[in-house]
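Each structure below appears as structure tokens.
Next, two complexes with subunit A in common: one pairs it with subunit B, the other with subunit C.
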Partner chain A sequence: MTAHFYLDGREIPFQPGQNVLEALLAMGRDRDVPYFCYHPALGSLGACRQCAVKLYPHDDKHPPRVMMACLLPASAGLQLVTAESDVRREHAAISELLMRNHPHDCPICDEGGQCHLQDMTVRAGHRLRHYENAKRTFRSQQLGPLIRQEMNRCITCYRCVRFYQDIAGGEDFGVFGSRDRVFFGRLHDGPLESPFAGNLAEVCPTGVFTDKVYHASYLRPWDLETAASICPHCNLGCNTAPGAARGRLRRVRQRHHPDINPYFLCDRGRYGFRHVVHRRRPWRHRLRSREIERDEALDRLTDLLRQGETGFLGSPRADVQDNLAWLALADAYGAPFAAFSDPWQEALAREILALPQAPSLRQLGEAERILILGQALEISPSLRLPVQAALRRGAQLTLASVLPTALDRYGELRRLRPDGYVDAAGDWCRALPSGKRGVILASADALGPAGVHVLRRLQEDLPPGTGVVVAHRAPNLGGAAFFATDGQSQRLREAIRVGRCRHLLALAADPLGEDGDAPFWRQRSSALRISLLDCLPTTTLEAAELQLPMAAVAEREGVFLNYEGRFQAFARVYRPAQYHPHWDPSRSTFPLPAGGMREELALWEPRDLAEALAQRGGRLESFHQRLEFYRHYLCPELPGPGDPGSFIPDALRARFRIGIVPVPHSGTGRWWLSAFHWYGDEAQARFAGELQSLAPVAGVRLAPGQTQAQAMLLTSRDGQTRRYPIVEVAGMAADVLALPPSDLSDLGYHPGERIDALEESAP
Partner chain B sequence: MSSPTSIADRLPSSVRTEIEAHLRQAPQREAAISDVLRLLQQALGYIDDDTLLYAAQQTGMPPVKVEELCSFYPLVLRRPAGRHLLRICDSVSCHLAGADSLLRQAEEISGVTLGQVAKEGSYSILPHVCLGLCDRAPAALVDGHAVGGFDGDALVALLASWEHR
Partner chain C sequence: MRLGLRAWVLGFWTTLRQLGRWPVTLSYPEEQPQIAPRWRGRPVLTRDPDGDERCVACELCSAVCPTHCIELEGDDRPDGRRYARAFRINFSRCIYCGLCEEACPTLAIQLLDEFAFGKERRADFVYPKEALLIDGPGKHPHYRYYDHAGVRIEAATAVPAAAAPLDPLDNRP
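Now for the complex of A and B:
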């Protein structure tokens, strides 16, 4: 039997520990009591004074009194009233006060259509304005490319600063002044520095903070189509709700998932979607940069496949079923398939999948001891929120890394070279007090396959409840490794090396660019023809003979496997369309009734392309057989969009252990190589303009005082020399060069390897 | 343009020692922030941006946090002030007792808006939150000393005496 209290005579159930407002909101009753400063993730503050209810005590000693619902613990039998005139007066009066300085600019305010202030003002019953004096006004700040500020709309609920400082640990945003001159902002104009700044647009209940990127193609929220989607920018798999209209993706908002992202998104997840409108995005079929029709492209591919010299390349950026379709098509043609173009990445993915099920982000928030290895929080930014939550609960944090991190001031530091991670993990595990819930957050590339392997062995000896989370930027790392057999990447490369494969049919992959080992592919690019299906203008796309336009994540449906081993489905949100300002009779017979001419763009979902190719090649039956066989064998039940997701069974995980245990081999050289990550860097987000305008300066990072040089010259595995300006980073480990992962891939080196450098001095 | 390091150079060594003592005695360095700001303001007259950064560095606080305090407490000055400082309360009781006209009168006499330095550095006048002298409204702080019943005549006399020195 659940306990109840009463509001205006209605029974309201509640959970122990809830306050009255919380219990009402949990029931979806968000109009019973107006409120502003309460937010489920931020808790109660009692600042806005809007959520009044009248309490009738059960004794005769106390008179009935008006109290704040967000500060009143729910208890059984509580008698509460809002339908009496003094409560109504209170609601309306507070609302009038909050509206006293509010500008009447609703027609041009982006909050319109989702404005909590509008809803609550109407609910609270404020109709007539009595105050006649001038309104207080502020000068708003320029806060960078992601968030707009219109400070005059503020009602001082403090939600923004509580989120920014307390939840996200941001240090460049605060609350200034007192009395009626309270200002929420930065010390000076300038871009917000937190990787979670975009959430301000969602936590602010008014139009002070709005989404600047959405603003550029703004339509009222009620004009947007939306669907349950999954963030494609790292392996956490945060749940999202993209919004699109008239063939255009306009924004991404968070979608509640209790165990992953209950309320927030990182800025990569919110703004990374802008890659879908990058000006070099492939929209049409092209053969050596000549536009061709879809049929011609299919004929060509079918011919190539018939010649029997094709190898298939999948990708951890494509979803589970797309990789599966690629594998099934390869099978139907008896051709080699690999999900990874770099054996190192394949071994890494398989080692990660072989780990026991990782704790959820909610469980991470309850950890008592946390070890962070490398830049895990830059790779999968939303890991930071549960870590901050655990710190607020008193968790002890250890940070082992080459580079300084944003959390350095909260934990015990261990600065190390890339070869030190495994020891740091071992020491931490040995020192873990029994009975303490411990979690290790590791950056995948800092550890590499060998490091993850050791981590799995270490974890076997740890008490149950100790979890390992490995952060990686690919949204479907596990899902790509899922259908991979051990060593297939090596076999595909061997087939190419000996000339058995002369054509590569690649899916959302960038072997010539950032996928891990560009030199191998560069050296073979003259003898290897590449057909690439992708939505990004990558290095490989430039080099591909045949370009096939692919639907981006919000434009197709699919399933990703996240870091926990959780399958999550995403639905199609919209179909992209192009606008022609004038009617062109050669393209369509009749112009759209309004708005010029809209032409829906024909983009491939990889499965459909695979099916079309199987059909043209007369292999449809064996294609379907393979497809069904793998699907039933590995993932008989996949969740639908909006479902909380389902896990791969632990028993299956052992299957991914790799045959040859990787040994760390660093080679020789003056310097150790490490990856340098920042929160906006990921294959797709790299083409999101607004986000990239915040990227840190390019170059090679190293500790101060290690060289007098201005730049470093490094030689790639295929003998190409690259020049990197030097960026000194205070507090970084000595003898290490840190480069963005795409640069490491370009050189053909992996983090943890050693290299010699030529130093270029000032002229 | 000075920097946080040159702030340290500008401080008399006795002030530096005192700041360090406060930082040492505080349970956490952050806890010493109000003393640090007070000492800096005493020594330098007001807290400019570089001094603010210096205070942040000394206490290990983010500069935003220091500015949150500075902007909240009206006793902290973020702009240069005159040799004398008059703070006139404009909270509820004093407002009812005519603080508003007092402030307007002050602006007229000084010839500058509130917060600006008047009469070639002689004095500055600032509005202030409740001084806890509500029973003797209108109230003011005259160079740090609380005064009740501070009416128009008192204002005229005070500013005249300050102007001549």
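Now for the complex of A and C:
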């Protein structure tokens, strides 16, 4: 029997600790009481005075009084009324005050149609403004390429600054002024620095902060189709709700998941989707840059497969079922398959999958001791919100990294060289008081396979409740690690090296670019023909002989396995389409109500392509057999889109704990190499223009005073020299060169290895 | 019986009453009918008194249209004004209900008196923006949306002193 209070005579159940407004919202009754400043993640403030209810006390001493529902703790038997005239008058009067300075620009405001203020003003019944003076105006600021500010619309609910400073830990945005000059913004114009700036558009109950990227291809939210999707930009697997209309993806918003991303999404997840409209994205089948028909491409591939010289390459960027289909097709043709083009990455993925189940982000927010190894928060920015939540609860933070990180001033700092991570983790584990919940957040690149292996050994000795979260940029790293158990990558490379494979059928992989070891593939690119199915204009795509257009994440269905080992399914949101002003009855497309037609572009879902190839090769039966077998073995029960997800069984996880122990090889050289990450750096987000305009300057990063040179010349594993301008970073560890992961891959080195460099002095 | 007689007389009276009147039939199209000012004919896009397009691409007309025959996409002009980059109405679906005119917050879309127009091909009924836009302000000669919106655009006239932008760093009471 749950406790109840009464609102207008109706029973409202509540949980202990809830306030009246929360209980009403939990019931889905957001129309009973209007509200502004309350937000489930930000809590109650009582600033807007809008959620008034009238309380009838049970004793005779106190008269009935009007109180704010968000500040009134729910208690059993509370008698509340909103249907009386004085409460209604209060709602309408507050609405009028809030609207006093609000411009009448709903028709040109992006928030129109999803505006809390619009809804609540209509709900509260305010129609006419009695105040006759001019409305106050501000000069709005330019806040960069992602967020647009129109300060005149502000109703001073303080949600933005509460989110930006308290939840996201941003420092470059605040509140200025007094009385009705209260202004929310930066001290000077300029892009917002926080990787969570995009949430301002969602947090703001009106149109002060709107999404600039959405604005560029704006359609009203009521026109957008949406479906449950999963963010493809790192291995956290945040839940998203992309919005598309008329054959174009227009925005991505967060979707509530209680354990992963309850309310917010990082900017990489929010704006990384723009890679689907990159101007060099492959839309058609191309053979040596000549456009060909789909059938011709299939015939050609079938011929190549029949010759029996094909190797199959999957990718941690493709989802579980697509990799399975690739594996089944490879099996049907008796060809080698690997999900990684780089054995180092493969070993890393295997070690990460072999870790015990990681804590969810909600559990991370309840941790009492946190160790951050490397730039984990830059690889997976959304890790930062639960860390900040834990810090607010009094958690102790230790940071061990080569480069300065965003949370440096919140914790105990340890600068180290790339070989020091394991020792730092060991020290922290030994110092962990018993009974405290500790969590290690590690950057996969910083630790490498050997480091993750040691971390697993360390964790075995720690008390239960301690977990390890390894951040990686590939959305389906765990799913690709299914196919990483016994050196498949090395075997595929061996087959190519000896010339047994002369054709590579790759799925969303970038071996020549940033998959980890470009020199190996560059050296063999003349003898190796590559057919690539991808939706990104990567280096490999340009070098590929046959280009096949692939559907991006929001354009296909699939399942990702996130860092916890949680399967999460995503649904197709839309199909890319092209508008033709005249309807052509010979096409199988209906005319649009408003004239013309919208023809869908033919993009491959990898499973369909694998099936089509198996059918043409006459191996459909064995393809289906193998596919069913693997699916039954690896993921017998997959969740549907929108489900909270299901975990891989521990028994299956244990099978990936095999005997191979990765050994670190650092080599020799003057400098240690480390990866430098920033929050927009990921294979797909790298093609999102707006996000990339915020990228930090390119170059090699090192501590100040290490060299007088202007630039560094580094030699790749295949003997090519690359020039990197020097960027000095204060507070960085000495003797370390930090490069973006794509540059490291281009050189063929991995983080934690050593390298010699030529210094280029000023002329 | 009396009721039947009454109806009979009334019926004849109605007919006979027309004897002394002019016929209402027009020999259309040689004779054009007088159209009432509130007639709901073909929708057009009007301009404000300055000659700028009134439409700000708010999409309310396409949302309210019961036959979904309006489709548009908005864009920003360099001076900050919003306009419809593409706007089309399919008149082979339009039922002239006038809901778009009612919904339009800027009085841009107006149903004028053109009531009969025929085409040889259905595709010709799809009117693009150039065909919809007329040169005048239509039925509302003085209305300018940006006078009421409370947002400044670069081209607008000087803002009255009371509404000058505030300086948030000014701490005077």
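We take it that the second predicted complex is superposed on the first by the 738 of 763 C-alpha atoms of A that agree within 3 Å, B and C clash if a C-alpha of one lies under 4 Å from a C-alpha of the other, contacts with A are read in each partner's own complex, and residues count from 1 in each chain.
As a working rule, a contact is a pair of C-beta atoms (placed from the backbone, for glycine too) under 8 Å apart; a residue touches a chain by one contact, two chains touch by 3 or more.
Quick caveat, the model's predicted, so the values are computed rather than measured.
K.L.:
Applying the touch criterion given at the start, work out whether A:Gly719 contacts subunit B, subunit C, both or neither, answering first, second, both or neither.
P.N.:
It touches nothing on subunit B or subunit C.
K.L.:
With the two complexes superposed on chain A, say which partner A:Glu150 touches: subunit B (first), subunit C (second), both, or neither.
P.N.:
second
K.L.:
Quick check on the superposed pair: does A:Arg186 touch subunit B, subunit C, both, or neither? Answer first, second, both or neither.
P.N.:
In the superposed model, A:Arg186 contacts subunit B only, not subunit C.
K.L.:
For A:Asn133, decide between first (touching subunit B), second (touching subunit C), both and neither.
P.N.:
The second partner, subunit C, only.
K.L.:
So, A:Ser178: does it touch subunit B (first), subunit C (second), both, or neither?
P.N.:
A:Ser178 sits against subunit B and subunit C alike.
K.L.:
Compare subunit B and subunit C by how many residues of subunit A each one touches, and report the one with more.
P.N.:
C
K.L.:
Once the complexes are superposed, what residues of subunit A are shared between the subunit B interface and the subunit C interface?
P.N.:
176-179, 183
K.L.:
So in the complex, the part of subunit A that touches subunit C is made up of which residues?
P.N.:
102-108, 112, 133-139, 150, 152, 176-183, 185, 215, 218-220, 222-223, 581-583, 592-596
K.L.:
Write out the stretch or stretches of subunit C touching subunit A in their complex.
P.N.:
Checking each residue of subunit C against subunit A gives 56, 58-60, 62-63, 67-71, 73-74, 76, 82, 88-90, 93, 105-106, 123, 125-126, 145, 148-152, 159-160, 162-171, 173.
K.L.:
Within the complex, which stretch of subunit A touches subunit B?
P.N.:
171-179, 183, 186-187, 409
K.L.:
If you look only at subunit B, which of its residues touch subunit A in the complex?
P.N.:
Residues 60, 62-65, 67-68, 71-72, 74, 129 of subunit B touch subunit A in their complex.
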